[in-house]
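Chain nomenclature is as follows: A, B and C, assigned in order of appearance, with residue numbering initiated at 1 for each chain independently.
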């Protein structure tokens, strides 16, 4: 894809672009660290990353305001970080510590926090889509100019809940933006075995919902499109479906060697890495140079290491805490 | 006090009207309460429980949804987490299975996992005796009984129906409200004019007795009371406990009764194997063993889907004579 | 009606046969003349037809065994298993409630329990239940008859107070609460082997955490005690001749001083509650204790008791165990004292914790282990995590 520099310069400021770049680096560094901890056997359970797909989450989360809400899935680390979940909290969650967002009750990226506008998802992908639609319904009922952005993979769009959510959102013109991280594989199922349409975005037509197809590895492109769709939703213009074409560079989870992915495909997408792309664009626009990238990289490293240390020193929960929290109490519910 | 869509409370109301009043009053009392369901707005609901509410509260608070139980329940979860109080109507409890995943994996587990309360109610018209066949007569409470994080209630009288629905709407947790469709127009009562709730988690002794404790809920409460009337003259004095709430179970009331009588029959319309009666029987064996003066019996529907043809459905549903026979046998033990 | 199935004679010279397989599962239904089992001798293998329609209720000889001709192999029951009681099992055969004469030593749990409580020999009672079973009512009737008889004999004369009251002395009539307390205190001293061990705890961490928060010290003590009891269940038990009963629930009673005496409402499942909830519950129970609005079940079921005697200035005490528990913790007044911390003098708010325990059940080492743990929790818990 040819990049028209003047157009891009018009759409996105240097500050915002560098902001996006910082979050790409932070996400990449954090997930690389988590993968290392996993391979060292210090993380138990599953380990899911968004390696090579960071531009999707970072791109859609940055245009949001703090009053907005995200309903992510398991490859949205960039979005968690932008919403204010700290690297320390993420590692604590992975380590099952009491200081993680779920206090050890749930693992890996099943992170949620209503105060920071993050709806915790369940493993049954696409379940979060009707939930996101319902949150948008609440905003519509109360007349609040708030937006929900939700994300799932290509596989998630095969489930009934995807259909029911898209339909409800379109019929009632709800302020929700549907992202789809089409990374071409759902575990070992390639997208051609997942659906008969060439693009996931083709499905949106069936709901009367406008859709766009984006280069999922171009963080600026994702950012600009997301910003537009969010503004549309906020103004009462209803939902948009945004398909991000990208590639899953690691296995489904870190234990999956993913030998079913053709090596040539990985080679093809390696050179389109979102961080490399962003650096090339930043240089071409004259917004940054290697020195900047170095500094930002070091900053990210420091932040991650501080988080790891904090998380490792945090306590584990105690057995009987298993029994706590099944039910909410009156005082917890906002009036 | 509000002007309800239905007539005010100076005369008898049916079980169905009691439910309508509860919804109407709570919607006036708390602007966060809103309704979702199929055909509930313009049509007023399959059973006309929500009739008039669209006109009164507008299309932002009475939402006619597409046919999508999973999507509707999921949306209710999202809206509840954003601070509203959705009341979802399943047209028939039988259709709740389409939303099983959202209820058990999302609603039930959200607070436990990440401290997000889900204050919502799902109304589920359950039970048979209306020639509804397998998909309009089911009692699905057993599936959800086993899902920690949900509360389940099942009123048997107009008083309890109104009070429990109000309590459910005000509860910060997901509550499934099982309303018995057979009772809709068949029972009436005069209700208090003032606002009241029936607390969740408290059973009620509908009839005190000394010979045998009958633990039951829903339409079967009336079957038990009718059986008690017949048995009275033979000195078999049934104590009928209406659970009213299935989760959390009021074990105090149940145990206190069995300590007194020493003999128990658990009666429910749901099928026998793995029904709630099995759990109560196990609890009695674990916690009241030394009080038992006879085996714990269960009277329930057989392990089949609900049949359609009248003689088949009559065979299926527990009858007064079934309760009588079990009671006579146990009394003589 | 029961029908015996015996090993048939499958030839004049045949003396035994082998069951090769049963063709019906135990409990299964069979039609007359339907093949019931396969039998083999060295001359012949045959299927044996059922003599009647019915249910195969008992199989005495399993497949593979060789037995003499005439051996009883199994029993059929011609009656269907249905009574109204078992018809609701969806077709699965279950045994009917037994109406045959009951084994003499079979008593229901309720009957056994009542017999234990009243010290009755059950062989003395005639049963009116099914098959001559002794019912709970039979036992209760027996008890009623016999205690009526016993009332005829005079109870042991109690030492009476002197009848003449010296002039100037005043008699305060005994309220029922006072009588109850007196009875219970004496009985407790006579039952348990009371020993007291005293520890001191530094309350500065709690004092710091309390700043700006509406907590008394009691919820913290309850929380620490509940944790201690979870770890050392012997402290949460009671004495029985059959053995030391380790209680499953941790229900902590809180002694509340009233004008006319004392009540001990119970915080149920104290180990599952967070500080905030404990604080609310304690405040509520205390308030209702004072305004006499407690429910009976709220003063029952305790497994351990805490008495906050320090409220009136007392430093440490030797409290009396609340039967049938085996320990009680007294919390003394919290006073700032000079103490040695890391070889320097510091001023800390200190309290003495006095544990009275029943030496029948636990020894000093155990009691001290528990107190050490409680002290540690009070001093070092991260209270913000259990708020």
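Before moving on, here are some points about what is shown:
Note that a residue touches a chain if its C-beta (ideal position, glycine included) is under 8 Å from a C-beta of that chain, and two chains touch if they have at least 3 such contacts.
What you see is a predicted model; the values in this text were computed from it and never measured.
Ranked by how close its C-alpha mean sits to the mean of all protein C-alpha atoms, the top chain is B.
The chain pair with more C-beta contacts between its two chains, of B-C and A-C, is B-C. Averaging C-alpha coordinates per chain places the centre of chain A 41 Å away from that of chain B.
If you average the Cα atoms of chain B and of chain C, the two centres end up 32 Å apart.
Centres computed as Cα averages put chain A at a distance of 52 Å from chain C.
Across the complex, chain C meets chain B through its residues 83-85, 87-91, 97, 108-113, 129-130, 133, 135-136, 297.
Across the complex, chain B meets chain C through its residues 252, 262, 271-273, 289-295, 297-304, 318, 321-322, 325-326, 329, 332-333. The touching residues of chain C, counted against chain A in their complex, run 230, 271-272, 274, 382, 385. Remark: chain A residues 98, 315, 320, 323-324 touch chain C in the complex.
The residues of chain B lying in touch with chain A in their complex are 34, 60-61, 63, 65-66, 68, 70-84, 86, 101-102, 105-106, 109-119, 148-149, 151, 172-173.
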